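Structures are listed in the sections that come next.
In what comes next, chain A is part of two complexes: it sits with chain B in the first one and with chain C in the second one.
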Partner chain A sequence: MSSLNAIVPMACVTAAAIAAMVAEAFRDPGERMPIAGLGLVGLVGAAIATVLLWNHNTSSFGLVVADDFGLFVTGILIVVGLLSLAISGPTIDRERLPAGEYYALMLFATAGMMLMATASDLLVIFLALEVLSLAVYVLTGIRRESPAATEAAFKYFLLGAFSSAFFLYGIAFSYGLTGSTRLDSIRGLTASQAPAPMQLLAVGLVLVGFAFKVSAVPFHMWTPDAYEGAPPAVAGFMSTGVKAAAFAAFVRVFLSAFEPLRGQWSDVLWLIAAATMIVGTVVGVAQSNVKRMLAYSSIAHGGYLLIALLSANDVGKGAVLFYLLTYAITNIGAFGVVALLDNASRPNDRVADYAGLWNDHAALAALMTVFLLSLGGFPPMAGFIAKWYVFSAAVKAGYSGLAIIGVLTSVISVFFYLRIVVMMYMTPGNTPAQFPAVPKIAGAALVVSAILIFYLGLLPTRVLDWAAASISAF
Partner chain B sequence: MTTFPILTVITFLPLLAGAAIFLCGARVARWLALAGSLATLAVSVPLYLHFDKTSTGLQFVESVPWIPSWNVEYTMGIDGISLPFIFLSTVVSVLCVGASWTAVQVRVREFYAALLLAETAMIGLFAATTVFLFYVFWELMIVPMFLLIGVWGGPRRIHAAIKFLLFTLAGSVLMLVGLITLLRTSGTLDFEALATMRPSAQLQSWLFVAFTAAFAVKVPMFPVHTWLPDAHTEAPTAGSVILAGILLKMGGYGLLRIALPILPDAVRLFRTPMLALSALAIVYGAYVTLAQTDVKRLIAYSSISHMGFVTLGIFTLNRNGVEGAILQMVNHGIVTGALFLCVGMIYERTHTREIVAYGGVAKLAPVYSTFLALFCLAAAGLPGLNSFVGEFLIISGAFDTRPWYGVMAVWGVALGTTYILWLYYRVALGEVKPGLQALRLELDLREVATLAPMAALALTIGLYPESVLSFLRVSVEQLLVASAAQVGVAGGM
Partner chain C sequence: MMVTLDHYLVLSAILFSIGTAGVFVRRNLITILLSIEIMLNAVNLTFVAFGRALGSADGQIIVFFVMTVAAAEAAVGLAIVIGLFRHRESLNPDSFTALKW
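== the complex of A and B ==
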């Protein structure tokens, strides 16, 4: 039985998802059920399992490894899941979404993400990718009456299917050359032979698949539309959970299976990282919709994560994990504020809608400021420590050029983050009280996020050590 | 000296007071802010009593590991160079609270919280002994200042706030790059440890450009000064006072703390262009000041000229020059801060900053005009008042090494006397302007209490400059010896 231990976290979440579906199926119309509570139970179970598995390096079927790296990402995903559950309530009530389906999809997606973070076989990674993608496609379009949501979901689905095909194609080539889909076997075989053209093709195709999921330039086109069309809570979930899971697999595949070919892919990744940061921030400046702005910001943050991946010395791998954690908490917080301002009559998602927010919701404005400043990398917020970690890893690995691009783009990004601050604090609002009241649970979740941001910014040592320790595995 | 973590306490006491303000109502906010800033000032008193003026090292050192895996420590300590700035920060903060007592009527809690957060950032910056911590407080200063200008400022406040932000961020981003490079090449970010290392000349040049860009924006030096007039003009009185009193000094302090001891070769390499830019700032700033019609803008441009003296003094690289530069920073903080207070007080009554709207104020408000005269004379460099000593030291330092820059500085002093006395003439003397008669222009007790400490400081430093100079003498000597020894050229002194 011990061989099943590694899948316990995702099993907990899957069980909760199934329970949510069953609960929805047997729910009387109009009856209110605490379905989110089921998700909470599942995620807490997964958290307990994660803590128990820590440092044990368990493996199930030789396909899923619960090493500390995977468990750290699992922990991030649990945080993402909990925060997403907490901020979803208002959206579901307002939009009259089917709560059971919504939560079940969110939990299935989380389980898929966890699998993706711990999978050590290309096919299992693909499986996990599909599990999470299908759930997220549906979540994107869950507001069925809204044409924008449908358009976003359809766009996301088409492009996502395309990228999955690329990814699968890459796996097929890799399998054809090495006879295995297991990461360690592929590594052994690629290390022993000279790089064949076919193998580079395999790496390239897999890279395209990952680049799409982490919305790296030039595969980012779907991101702004999908985030804008999806309910804000889902956008927050997508922008953090999918990114964390995809990056976990990205790191695992490229730093283990394809590590021997580093000389071949590092230049390509350099270009992608630079383009991702530049496009994300420069186009972000031009956005007048907060969700699109946050979408471009999350593209740019993907670029910083790519730097960390590229400079995968001892510092770099830890930087990926720490960055993912702070980014996840911060970005969900920011989307959470967007979600709470979403009104039945109007979405309140243009930058101009934030005018005078300080007068109506001083606390929300303050929270949003914390999230935006952290995204911009201001000390003493977590974002500063995370960026410092990434940039110093890059300099140490000899990627000073990328570090400089990163620092410059993060300054440009501060400009558009602070545009919202200017709106909230310095511009008088036009119609008072256009914002809905803040529900307690969602508000508390945002406060917890803000506290975590300060904690990680002021006393990062413990988490930094965990992050650094958990990458020593490979 | 003592196990009591005095520097940490004075750094974070204002922050605590700021947090307390949020828990209480707006009515108590003023009193809490006053109590917080006064308590900070009171706690800082032992710093001056127990400061060892003969010691070359850091004093009151506190050190706790912060992020051990990165070799980053939370260390604080002060020497003779940082002490005057801590003094200035604590005093100016108290006066800012006093100056905003009636001027700020909207969002009072948030205003004082931002003010106190700024105080924390300022004191922390001057007490930090690692570049990392220095940078953290440097960045921390931006946000409250941005809000102070942008929320409580004048009509074009958003423009001014964003301009301030863009300039500052452009500078600090370069500093961050320099910081990361410095850590990578030296393995430490501790000021003292860094001063004993010596990066290659080429690297030093790059680092100098990166750090000095950040400092030059704050000072502000000539080509990057354009944010200052807008920020000064639009900021509320307390914001202007903090800008003039402390924020500009962060740049000069950075030059003294980082550029001079850590990058001595680069300092020598870039010395002539830096001197030239300083002289240009002095003269150009003074001429532009002459042309101003807005009182606040006039004082803002005079700041550029006065801060030109500071950078001139620093890059003379001799004792007189550097001591003068530090003294000039303190003096400028006192005098320009006080001038902004004066302008703010009269603006509260007249709601105009146009010079032409004033005239004959001396007849209506003799006490006010006396204070104004004192600060104007101090700004003009009248012997017996504080600015004279600093400017004199800087000019004599310049004459020792590069006489022509000394000549430029003297020219600047002459122009400075012209514009500031002309300002006083237009505002306080002459015919009483219609419209002023009906207003109660005379100061009330609170305002007198706000200005009196500044006047006392101006007189004390003017008559007995040793009161400041004695603190910094040893540290400056050590700074110059260290930087000259590293350079290995005798001509450094």
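== the complex of A and C ==
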């Protein structure tokens, strides 16, 4: 049994997902079932397992390692899952979505993300990537009667499948050269040989696959379309969970298996990081739809995470984890507000729709302000500390150029975050009472994320210590 | 003539390129899905060829996983295509214009 311990967190979530599917099958039409409660049970079980496994460095069959790095990301994914469950309720009721299918897909995707964060074998990373992607493709298009949602799902599916073919081709070359798909064996063999052209090809193809998943420029085209077409609660889930899982695997593969080839991939990653920050910010300024704006903002945040990955000194590796945590809480909060303003007749997702929100929903406006300022990196919010650590890691590692680009794009990005804040407080609303009432659970989830943002911003030491302690694995 | 590892690798590279080109060039959603399948099968050929060259069965076992994933992907992909067709009565990607930056 002991060798199965490392997969317990994802097993809990998978069991909850299967239970949700079975519950949906036995549900009479119109009957209400507390299916989200099953997800809650599964995620709490995963959280308990994560705490118990902490510091034990368990490994299952050499394919899945529950080291502290993987467990920290698992923790982030549990937070993402809980917040997503909480903000999904109103969307499901309003759009009359099949609750069991929705929650089952969300939980399967979460299980895939956890597997991806803890996998230590390229093939298992590929399988986890597919488990999470297939579930998220369907979630994107779950509003079947909406042409935009179906179109978004297809674009996301097409580019996702295309990129996973590249990823797999990279794994094939890596396997051909080293005879193994295990990350540690690949590292041992690449360290002992001179870099062969085929090895560089393998690294390049795997890099393309990851860049698609973390929506790095120039592989970001699907992101705004998918986030705009998906229900806002799903967009929040995608933009945080998929990114956290993909970055965890990205860091693990590039800092363990492909670390000996660092000299070859670091320049390429430098260019990708710079382009990602610049394109995400500059195109984000031109958006008039809040969901597309948040999509470009999430692209830009991917660029900051790439800086942290590239400057992989001790500060940098801890910074990846801390940044992922604050970004996940903040971004899911922002999409949560968008989800709560969505009503059956109109999505209320243009920047102009936020005019006068302060008068109609003072609490939502205040929460949105916290989330946007944290995304922009204002002190005392968590986003400031996270960016501070990333940029100081970059300067220490000798990437001052990237740090400067990062600071400049952060300043520009403040413009489009503040545009919404100005809209909410200083522009009179056109029609009163156009926003739906806020359900209790979803509202409470948003308040909790806002509290966490202030906690991480004001007292980050404890979590930073955990993040720093958990990266010693590499 | 001896068929060596290089022959297999060149063949699979050609197949992969055909698939990649098909995704960009073809103007029918079903053909685009088939192009992605060609890419995945080119990768499968690479795995089998490497497995044989290395004298290990791993390469062939990996192919089973990839085939399963490809089948699941095709199921989801075709379902989405049917959903799209119901909205637009067309399989031409140029007719899908609800989302634009």
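The working rule: the second predicted complex is superposed on the first by the 474 of 474 C-alpha atoms of A that agree within 3 Å, B and C clash if a C-alpha of one lies under 4 Å from a C-alpha of the other, contacts with A are read in each partner's own complex, and residues count from 1 in each chain.
Please note the rule applied: a residue touches a chain if its C-beta (ideal position, glycine included) is under 8 Å from a C-beta of that chain, and two chains touch if they have at least 3 such contacts.
None of these values were measured; they are calculated from a predicted model.
Contacts of A:Ala403 after superposition: chain B is touched, whereas chain C is not reached.
With both structures placed on the common chain, the touch criterion links A:Phe173 to chain C but leaves chain B unconnected.
When the shared chain is aligned, chain C comes close enough to touch A:Pro147, but chain B does not.
Looking at the shared chain after the overlay, A:Leu134 reaches chain C, while chain B stays out of its contact range.
With both structures placed on the common chain, the touch criterion links A:Leu373 to chain B but leaves chain C unconnected. By the touch criterion defined above, A:Ala468 reaches chain B but does not reach chain C.
The part of chain C that touches chain A in the complex is made up of residues 16, 19-20, 23, 29, 32, 36, 39-40, 42-43, 46-47, 49-50, 53-54, 56, 58-59, 62, 65-66, 69, 72-73, 76-77, 79-81, 83-84, 87-88, 96, 98-99, 101. Every residue of chain A that touches chain C in the complex is listed here, in rising order: 123, 126-127, 130, 134, 137-138, 141, 144, 147-148, 150-155, 157-158, 161-162, 165, 168-169, 172-173, 175-176, 179-181, 224-225, 228-229, 283, 287, 292.
Of all residues in chain A, only 373, 378-380, 384-385, 388, 391-392, 395-396, 400, 403-404, 407-408, 410-411, 414-415, 418, 421-422, 425-427, 460-461, 464-465, 468 touch chain B in the complex they form. In the complex of the two chains, the chain B residues touching chain A come out as 66-70, 135-136, 139-140, 142-143, 146-147, 150-151, 157-158, 161-162, 165-166, 169-170, 173, 176-177, 180-181, 183-184.
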